[in-house]
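Below are structures written as structure tokens.
Here come two complexes built around chain A, the first alongside chain B, the second alongside chain C.
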Partner chain A sequence: MSGTRHALVAMRAIVIREALRFVHQRERFIAALVRPLVWLLVFAAGFRAALGLSISPPYQTYITYETYIVPGLCGMILLFNGMQSSLSLVYDREMGSMRLLLTAPLSRAWLLFSKLLGSTIISILQVYTFLLVAWLFDITLPGWGYLAALPALLLAGLMLGALGLALSSFIKQLENFAGVMNFVIFPMFFLSSALYPLWKMAESSELLHDICAVNPFTHSVELIRFALYVEMNAMALVWTALATAVFMALAVWGYDPARGMMTRKG
Partner chain B sequence: MKLPILTTLTAALMCSAAWADEIWVTNEKDDTISVIDIETLEVVRTIDTGERPRGITFSKDFSVVYICASDSDAVQVMDPDTGEILHDLPSGEDPEQFVLHPDNRHLYIANEDDAITTVVDTETRTVVAQIDVGIEPEGMAVSPDGKIAITTSETTSMAHWIDTETQELFANTLVDSRPRHAEFVKDGTELWVSSEIGGTITVFDVATQTEKAKIDFEVANIHPDRVQPVGFEFTTGYTHAFVALGPSNHVAVVNAETYEVEEYILVGRRVWHMDFNRDRTQLFTTNGVSGDVTVIDVASRKPIKSIKVGRFPWGAAFRPTD
Partner chain C sequence: MSLSVKQLGFSYGAKTALEDVSFTVGRGQFAALLGPNGAGKSTLFSLLTRLFVTQGGSITIAGHDLRTAPLAAMADLGVVFQQLTLDLDLTVRQNLRYFAALHGLARRDADWRIDAALDRLGMAERAGEKARGLNGGHRRRTEIARALLHDPKVLLLDEPTVGLDATTRAGLTRHIHDLCSDTGVTVLWATHLTDEVGDGDQVILLHRGRVLADGLCGALRGDSPLPAYFAQMTGAEA
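After this line comes the complex of A and B, so read on.
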């Protein structure tokens, strides 16, 4: 019992640390919000007429491009934050606070999960702020959708955060984060259904469509998209949950001093 | 004990079935009518018609439905319960649109290829009059008191005013290019005519047949050439008009007092005509190219669903089923 309490106290402490770090970096919050808003209000406006119209689930009727990309931009916030969180881990490791955290008498997986949960909660707050701004610009969703999206955002956030954690265990220095941007974030974002529906991808290239279809980010975006319209996409749920488990296992393995990459980095 | 419950349930079911009003949609390329159940927003029946059905209207008591089967050169009269064609009316060549006179007896039919308006007595099934109008007549309207009929001609770009007693033209007024649809509003004091190529709606004062206002449309990110007003309908009390804007794929909401456009609603491709449900809380638009009907919630002005129908849906008509 006391062990459980101890674990929960540790989780609370880590989540609060994440929250404090977030509160102290207001520029980060604004930057995280500006990025999707630029896409929504500038990029989407330009592409409005260029993209053809078609009804595909969960939409019951024709939608504007702005409405289409909202779930993808929610995913974008989670993706960038997941990666930013991994950047902070690299920083923590360089500063030595990571070593201190991992020496706590608790399971490493639990500590990593707590860290993940903390950053995901912060990401979700940013997503809801983004949805509020979108609503102010008359891009509205079904009322219950805002609530129904919460578990989907949580799972998608955990999945992308876990990916960030796994990647951070392989990154030696802060400078290498640019590589993550180029080789992970951008391909993951652009090769997904965030900006264009998969049928549109198939029109230009079947190969692109297939790559998008196996991208876990596509499934997390679709999970969020369906949830925002109070619908369940079982396939997206399974894919996202599976990817979360795999990335989390990789992160735990990566941060295990006995077997993972930590040993090589010293 | 179980019998009364069963009887009540059956009665309730029958009652709910009886209240499931319908929207009838003509499918120009399928030669069919799709019947949409307003409760479930699904197509519940598909009925065969003559070739290229376009205009559709019910008799005042909803006992029969009239269909312009343009390529069959006939106006067909159908029993809406059975879907059986009862007989054809002599319509003249290529009937496209028509309007039923308030006397529930005379149909005013636009004959697109012949540049005439044919008046048919639906009881005797005879042609009462044929009136020469401009080239390619299309839009038809009759004033609420039944004294004036209007034909708009696409190529001549005119609204022709017909005295229904003498069946003769008494005025011709110019409108913008390719007028498609006409409606008398506000107890017959105003006439609205949409011009497809001109991209406008002209509002006439009926007493003087003079232009009172002109409504322009501008949809963001859509080329002006694609903003083509066609069919339109009015909310209760004639406060607002919903205007189909053809290949711009939008419906405009126009304030009928100020003649200002308040909003544009995204619908399917090449939106053409429309009709309301019983209490005018939902609007059903026919989208020709995308082959569907978009349902708009009138209060929130949001599209709520698009229902797949046949190929090139054209006209829409409401049918109460109680």
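After this line comes the complex of A and C, so read on.
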């Protein structure tokens, strides 16, 4: 079997395994769906009155707060799933199945990328389920937007998954994972344009605004937001792509047999 | 030689785990890597499976240097880790198919090999069962069947009998011995249990990161039983 064919057969198997694992964890699917829906249906309802949103791209008209946060909640699903898969990687490593994967006669970067792709595809399925539920609640988007968002979701998912992968190579034990929640997920989510536009943030604090503006999560949310309205945000694309490359490089470095976690753990 | 280790050294920071470890294991030979806990067996296995990279010395698997041709070397290597590495929610067959794909085996070829491997280990009728439902011995057999799917030239087993009862342990040990003579696969079997080693087996005695002795078990132990020889060798160094 040729090298390329081997690589693709292995990638397909890794993706299928991720999917099978997901099917076996129905609670995870429900949790992943309930979280953004609570935000959308409860939180947003309360804040609608408090927050007025002026017209800013890609919106051509006044929008409700629910409509505003839909892309951010798509990002939230990808973010939480990225971290969830990093948690499962730490678990895999403790359980040994990561060892099995890493002894396959393929390059580590490819194996890790395949794993990343698998978990991203699962995340995207959840995003579309969420969008469907949102649609049932009358929060609709341009028809083509659902399709145009796919590449944006893929890139954003890869970026956040790569971040999870990189983190997993540096987290020593499962117990340390709570720290990741506090120091990565929450700041990333709240210091972004997911819940409020950046100009609104600037009104209260320039510093916070600047932090939001460099947060790669902000850019992935904006990428998704524009794509959902069939528009392209080039700056968000560049930022997200750049962050994906950096996180992926970090992950490959972290899992390099000569360095990183594996050796330090002993 | 199927497996050759030359002047291998490894340390975790200031702590030396392996020092000047050299040995070779010929084709079809069953070699027991015998050593008390903490002797460096696990570190050696991590180096052999490329989870760590050698800091000094070299490892050659079926003629492929692990440093310069890692993928070719890994393709000829079968591994049974000390920890269980089955996906418990998947069936035995699904677990094996996943592994076969990692090694690039096409589906039809893989299925044929899976049937043969499971049959050889007396696991054929369990192919459709979830790994979670298997007992410890059957889980191990599944892992051994899996490690043999791609016809490796060298099979590494890291304390594969840990946690198994005496009968299952004896059965597995016998099976792997048979495998060596039937298929010509080279086996490196790490253990601290002397009853798993026969007189015709090669023994590599590892203690405190060094090779204390290397030779056929019968010749090494002479007239004393292996446990006594083992205690004497490792005790003398203590």
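Everything that follows uses one rule, which is that the second predicted complex is superposed on the first by the 265 of 266 C-alpha atoms of A that agree within 3 Å, B and C clash if a C-alpha of one lies under 4 Å from a C-alpha of the other, contacts with A are read in each partner's own complex, and residues count from 1 in each chain.
Assume a contact is a pair of C-beta atoms (placed from the backbone, for glycine too) under 8 Å apart; a residue touches a chain by one contact, two chains touch by 3 or more.
Keep in mind that this is a model prediction, so the values were computed, not measured.
By the document's definition of touching, of the two partners only chain C reaches A:103; chain B does not. Comparing chain C and chain B on the residues of chain A they touch gives the larger count to C.
Touch criterion not met for A:143: it reaches neither chain B nor chain C. In the superposition on chain A, A:10 makes contact with chain C only, while chain B stays out of contact range. By the touch criterion stated above, A:45 is placed in contact with chain B alone, chain C being left untouched.
By the touch criterion defined above, A:62 reaches chain B but does not reach chain C. Touch criterion met: A:21 reaches chain C, while chain B stays clear of it. Chain A meets chain B in the complex at residues 45, 48-49, 53, 55, 60-64. Per the touch definition, chain C reaches chain A in the complex via residues 12, 17, 43, 46, 49-53, 70-72, 74-75, 77, 79, 81-87, 89-90, 94, 97-99, 101-106. Partner chain A is touched in their complex by these residues of chain B: 220-222, 249, 266-269, 290, 292, 294-295, 303-306. For chain A in complex with chain C, the residues that touch the partner chain are 1, 5-7, 9-10, 12-14, 16-17, 20-21, 24, 95-97, 99-107, 257-258, 262-263, 266.
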